[in-house]
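Paired with subunit B in one complex and with subunit C in the other, subunit A is shared by the two complexes that follow.
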Partner chain A sequence: MKVDRRSFLGLGIGAVAGIAVSPVGIKLTDDSSILTQTTKLWPWALDHPPLDGAIVYENSVCSLCPGGCGISVRKIDDRPVKIEGLADYPINDGGACLHGMSGLQYLYDPARIKKPMIKKGDSFEEISWEDAISLVAGKLSDVRKSGSPEKLACITDKEHGSVSGLLQHLLKAFGSPNFYTMPNLESYLETVAQQIHGNGKTLSFDLENSDFVLSFGAGIIEGWGSPVACFKANATRKQRHAKLYQVEARLSNTAANANKWIPAVPGTEADLALAMCAVILNENLFNSAATANMYAGFSKFVSVVQTEYAPAKIAKITGIKEDDIIQIAREFATAKMPVAVFGKGKGDGAQSLKEMAAVHALNCLVGNVNKKGGVFVQDKAQYLEFPAVKMDGIASKGAAKARTGQYIGQMLDAVNASAEPVVEALIVYNANPCYSLHDTRRVKQAMSKIPFVVSISSFLDETAMEADIILPCHTFLERFEDVPSSGGFSKTVVGLTKPVVNPIFDTKNAGDCIIEIGKALDQAVAANFEWENYEDCLQAVTSSIWDSLSEEGYAVVSDTIPSGSPGVDVSFLAQNPATVQAQGDFNLTLIPVDNIRLLSGAIAASAFAIKTVSDTVLTKKETVVEINPLTVKGLKDKDLATLTTPMGSANVRVHLNEGIRPGVIGMVEGLGHTFDNKYVSNKGVNVNDLIGQVLEPGTGLDAAFGIKAKISRA
Partner chain B sequence: MSAIENKSENRSTENAGEGVSEDTRDDKGLGLGVIFFLVAFVVCFLSGTFLFPKLLYSKKEQPFNFDHALHTSEAGDCEACHYYREDGTYSGNPKLASCLDCHSEEPLGETEDEAIFVEEYVVKGKEIPWLVYSRQPDCVFFSHAAHTIKAKMDCVECHGHIGESTVSRPYEENRLTGYSRDIWGKNIFGIKKNSWDRMKMDDCAECHKERTGHQGYCFQCHK
Partner chain C sequence: MKQENKKEHKFGMVIDLDKCTGCGSCMVSCMAENNVPFKEDESNKKDSITWMRVYKLTNGKDFPETEVVYMPRPCQHCSGKGGHGHSPCVSVCPATATDYGKDTGIVSQIYTRCFGCRYCMGACPYHARYFNWWDPKWPEGMENYLSPNVSPRMRGVVEKCSFCYHRYQLAREKAYLEEREEIEEMEYQTACTTACPAGAIVFGDLNNPEHEVTKIVKPDDHPDPRNPDVVGKSRNPKVFRLLERLGTNTKVYYLSEREWVRKAGDNYTEGEWETIKNHHGKTQISHG
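And now, the complex of A and B:
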């Protein structure tokens, strides 16, 4: 017997035939086709499908921005999977913005801080919570023992709410007057109300009922005030036959949506508002009952606006025709329910008191104060009842001392200017001054000069990077917190943020961090922190509304039109304060542009939100600036250009757009983060690196609406 | 290899041989080829039928043995544990919390399996990582409610008599796709005797065609 080629042939054919008749072929074909749909082949796809489970909805309140919207979080078993607006919530009634909707991404953000950390050299090392709290308490005790408790300062996002209240409580018990907030619309409203109507007042705007909104740069649909409430008010505007006139150098979404775009030269809004006051006074269009309330400085104010702000003169400054100024002023004064709104962009950037007061003067002149569709002047919401602070001798002495600076900018300047540390220790919570304030280098320099910086933060952001110790706190989905409505919303609503998921990392509620620090300090301070924990404190200090907060999820503190006509003091405007000018000698003016898809405050926009930004704002990793084609000859659309201001220069892409005044360059806020989040950081330029602080004479506010700049092809 | 080549080869090498005729030699060669063919065919066919499934599937044991028969006699029918939620969604395998409606840290019986259940899961508060025999691939959407409530189908039609089983058979996982063997069915040829022997798309379509007159559209299951 011989094995020949024929045998091998038989063997081969037999093997093939055997396999072919067996189920191997059909089975492997089927499995291969299934394999192509699994993550084994596509590792970048979702590595596991969403788990199945019971669907539950939990209600809470979003605190990513001052809007305070009610949210409904859909969960599969214990895992939150979707955030939606909460129906029937008094602020947003089911609406939600893209930041709220993508809020879950903050839970798993790559920049989240997982454990307390201490700075060692240039990097951070993890430490235990016990060590972290005792270390902070030890350093703060040293400051207090030195006899200068005022050298402890604190920076947070807002003045209201119980966590901010706890920080103020701590500072008072410690003996320091140095509590600072980041610039925010609520504090601007209070500053204007205080200047014109007296202490303890604030303003709000009845946008949802007004029939004529004259907005001086307020980005009604760009995230101003309580964004979703503003979207809704704007959405019903056409049905209500209400008008919106937008004064803004750039055709923002709000301006494009308005009935009229009034592209005034940036920085001249105050002049324009006062010129309109002049028209109203000249033509007797004011409400005489309202002007009777103007008890201080009214006659001087009249003569100042009539002589200094004649429309013909102001037309040249603002670039708005005299006839238009007169016409708009007439329309405003003769509208049934007019309201003039201030606060450029989102309202939390630099603002000038002159401008805000001038705009509000329009409201006061036409008399639509405390009336439907107008401005409400009311007492600041006082729903928190903290126990009186028990102060020892050190605390009383320290608290009586002058603040290091009136506003945060001056405090940082004082730190930079002094050879000796004027601030020994700083606590930062829910604020990112190293990113959000003008001239970030100056802020970082001040941070490095302060010997001990504590950051209570969820994310290792630009400010946390400068800290000496970081206490990681819960995100808004993991914590309890009271969230008062703010930013000019016509009702006062306090919402309760509740944990909808167990903490993902070893974090604490910021309130608990503060209480634990307070308890660990010497007896005189610790005596003021007798609450068991933050939840206990929250319940105690909100006792007047706790039932409603815990049962309904919110409490409406006031939703009626305030009664009475408040007195009006225009003596500040009657002094004719100087208008702030942009810093520098270049020919063009760079202005920051607020975009609803980006965030520029304590929290950076999420990965989802960043992805929705148009490529006329961010192209790949480059910021795109808007320039009118008439501004610079020789620049083409999409050219790479070098933008230079007195603060520095940056490479940007050019977007030629007729929707911006010639001579003005618009650059978006909210890009150029540098912390460790590959989805959000290293995209574009931070406009605050290029704009410097300009203090308004007399008020001390940073009023830099922009900065002089030049641009040339790179 | 051609016959002419074969002949010339045989002539040159076997002239001094046993003088076997060329024709016979050819037949032998062909016969050997046939034998080789048959052997290879049979070996490959049998391997493809019996060895291949053993290679394709890995066997995994459940966390512990589960006696369905005992539970249905004590707790009631399938829906006692595999219930529908208020919103109509199907709960699937019960969570530990459902088990604890009857069970506690004190075992109800004396089996070794219940001891594992109590020690490993009840005491530790851990969910039981059951391996689900009938888990469809991720790309498949399936609504239990539409079939059992709306179309009034019996669980047995797809799942067979698992409710009467006293032991948990090993879970067989397809090494290639990672899915359960029960979808293709135990029979590697894909032949089924009962409606519950296979859960492939064709089986869905067959039943749909029979009962609704149409096999259904892609997007009904592949969202």
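And now, the complex of A and C:
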């Protein structure tokens, strides 16, 4: 057959038409898709289809942070699949933060501690619960028998709540005054209230009603206080025509969302607040009825701020123009419902009493105390009724002894300083001092010097790794617990955390661990632990609100504006205490940065939360620090650099950013964990490794707001 | 037989960028709701699957005039030119793996049909589509939290925000059981909307004048006289859409009092913005 041009083309067209019409091509594409991607090559999906079932919702309370938000857990039959905010709950009314919503990643985390463990050499071995409790009780009995029961210490996250109450109960019955909490906003509020208004008081802020919030670094939307309540208060600001002014060296989310960003030099916030006090006093903008309550040291305070904190002088220190200081002070004093807020970042970092008292002095001067939209000075919430502790001779003698240190930092320093063990045994619950305190090496050193460390923890975190025995506890989704609102929330609400799922691993409620230890000690101590278990104890000690707790899921202890105008004692500020300076003599200042998407306390951020972190904060395994382009010449964006402080140095990436004051380096809190979890750990640097403790003279608070540093290309 | 929901819906949302705090709750709520996986390193944002992504925009000004705004970006659920359902991605998909729901206005993604050519990713002007370069892997035990309402995706397929379509299905089923024709506004809300602690996201049916989203956006159903491809332009001067001039006719609207933020929604030639609104400013965008 002869193939001419015409038949060749015809054949070609015919072939094209044939292929186009034929199903073979489509079939082949389909087959190749099936072959390469469907469940045949993804056996996991065949083995683990998400099981279907009836949808049920269970309400509980999140206790990952002090916020205490109501949560609604969606379950498929018995299996929790999603956590969301609980509508109409008095704290968060339906909202939730990313950490609470990641709660199931903590629950099912394979990195959880699955059984009690004991340290053998450098590693841990599993032991039974019976052996673990009797071992702990045995070691504690030895301490008690030695006649120095005060050598048992406890560290936990907070003073409030029944589990913390049980630890304090145990220590008292045992005979030790050495109960310590990690730095936290609630304790700072109490410290300030105690200094200025007297014992047993605390402060809270009516942010949802105030028309002028002057925040000295408080990360209102960075996780400060009760985070979701603060988000909600901030979100209604626009429609309430309320203003937020943010004093902070970097453009945090709060500063970015504020009406005005006041980028003061870090560490000069107290000076700025006192200069504003001076303006208010100079221009007679104070509330005279309120200043009449200032019974101690008021005239001396007036002369100190007027002579030492003149706006012109303070302008040079803070980097904020004199006119601006005067203008802001005037706006604050003439607002209808102004409130000045302290507690930098999330409020649980280092703070100085001078700064907090200076900020609160602004509130006292303008007189918006115990008024709508202002500051509430009230008695500490007392809803727990623990039975009186029956103390034997050993206990009475021990409990009367002086504490090893005023705050946790001094206690650890005392341990490090002494050749003899000043603490023989330590119980740590819901706290990670080996990660969260400044100068972590010092903390780890103290831990290794304490002969017997018990960690009650769900995760093998940095502190649990230093422990001699670990008692694994339930996560908040597996346990009962009372969760009091805290951190400056204007109402006092106690929520009830309830188990929404059976324990995944062989864990116990931390409350049960403590009760079982108490029962296993000698009769004098055990007599104080007559509850059957923690649930029994919880019901007994919360009996005044138990009906509401068990029926509603929460109890509102107080939601009214406290009455009366409390006395104000400004004698502390009248002595003109020194402002804490950053340690070291480099030219730049490294400051820790709180980021809502990371956690820096007892619990590390989840895999989901880490996933949301910007690549300008974490790149691969490197922390990215923020600096202003003017800070260091020759440093480019994304450069690898060496950051050095008096505490050590670290390699970091650089993010040049106009949203930070020149001369300041911002490093995020919450990275650089070293435990075994590839999704959240071994990423970046722990900023607490690079910052050392600086004690405020006279108060003993760790007030290191940052540290001097230098940075150069690596 | 009675058929529920005969009426045509046009689901959309408006996000108040002045309320948004960049907290990331929407991102996590979305990931937990839709069985979105995670891997060891998620700092390379190009292969990090986040149906809802929060971007950080700055006004580009020097210290201390710098301003920052966060912009959550779900799939924009484009209605296409003239609002006829020819979304950029739908138009290029050779497998009909992504389609425009005429009854809902939702752009779907059918994973079992997708064969991973990624044309849609190239076509999407909003980077809202993500490719599964690997099979997802949950650490042992974590598969227990997976929801049966959303199928996990395998390697080689594209995925994106569905406006939580399964929530619409559940709401419709409930309405059907209760012999109701219509679902209520609050019965169908996306996971990001309900999660937002600042209440910055408002979701609803843009065809329903009673819905909050319609009240805020006030969409103009007539074509824009300057660009007939554009329909549904907001009558609210504070509301804008991303790259509106493309005529993609997105159903995710943004709201801001700040002019530089509104200007960041598109690219303008010199002097052009003044013809729309007189303002200025270079904008830097990073992954928030």
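One rule holds in what follows: the second predicted complex is superposed on the first by the 668 of 714 C-alpha atoms of A that agree within 3 Å, B and C clash if a C-alpha of one lies under 4 Å from a C-alpha of the other, contacts with A are read in each partner's own complex, and residues count from 1 in each chain.
Criterion: contacts are C-beta pairs under 8 Å (C-beta built on N, C-alpha and C of every residue); 3 or more make two chains touch, one makes a residue touch a chain.
All values derive from a computational prediction rather than experimental measurement.
Colleague: Of the partners subunit B and subunit C, which touch A:D52 in the superposed model: first, second, both, neither?
Modeller: Touch partners of A:D52: subunit B and subunit C.
Colleague: Considering only the touch criterion stated at the top, classify A:K633 as touching first (subunit B), second (subunit C), both, or neither.
Modeller: In the superposed model, A:K633 contacts neither subunit B nor subunit C.
Colleague: Could you look at A:I19 and tell me whether it touches subunit B, subunit C, both or neither (first, second, both, neither)?
Modeller: So A:I19 only meets subunit B here.
Colleague: Identify which of subunit B and subunit C touches the larger number of residues of subunit A.
Modeller: Per-residue touch count on subunit A favours C.
Colleague: With the two structures laid over each other on chain A, which partner does A:K27 touch: subunit B (first), subunit C (second), both, or neither?
Modeller: first
Colleague: Examine A:G10 and indicate which partner it touches, taking first as subunit B and second as subunit C; both and neither are also allowed.
Modeller: Touch partner of A:G10: subunit B, not subunit C.
Colleague: Can you list the residues of subunit A that meet both subunit B and subunit C?
Modeller: Shared contact residues on subunit A (touching subunit B in one complex, subunit C in the other): 32, 37-38, 49, 52-53.
Colleague: Across the complex, what residues on subunit B touch subunit A?
Modeller: 1, 6, 28-30, 32-49, 52, 56, 85, 87, 89, 91-92, 95, 137-139, 174, 176-179, 184, 188-190
Colleague: Using the touch definition up top, name the residues of subunit C that touch subunit A in the complex.
Modeller: Within the complex, subunit C touches subunit A at residues 18-19, 21-25, 27-29, 31-33, 35, 38-45, 48, 50, 54, 56, 58, 60-64, 66-70, 112, 115-116, 135, 137, 139-148, 151-152, 154-157, 191, 194-200, 257, 286-288.
Colleague: So in the complex, the part of subunit A that touches subunit C is made up of which residues?
Modeller: Interface residues on the subunit A side: 29, 32-33, 36-39, 41-42, 44-45, 48-53, 76, 79-85, 92, 94-98, 101-102, 104-105, 107-111, 221, 227-228, 231-232, 234-235, 238, 251, 253, 256-257, 261, 263, 504, 596-597, 607-616, 618-621, 628, 630, 658-662, 678-679.
Colleague: Which subunit A residues qualify as touching subunit B in the complex?
Modeller: Within the complex, subunit A contacts subunit B at residues 1-19, 21-24, 26-28, 30-32, 34-35, 37-38, 40, 49, 52-55, 77.
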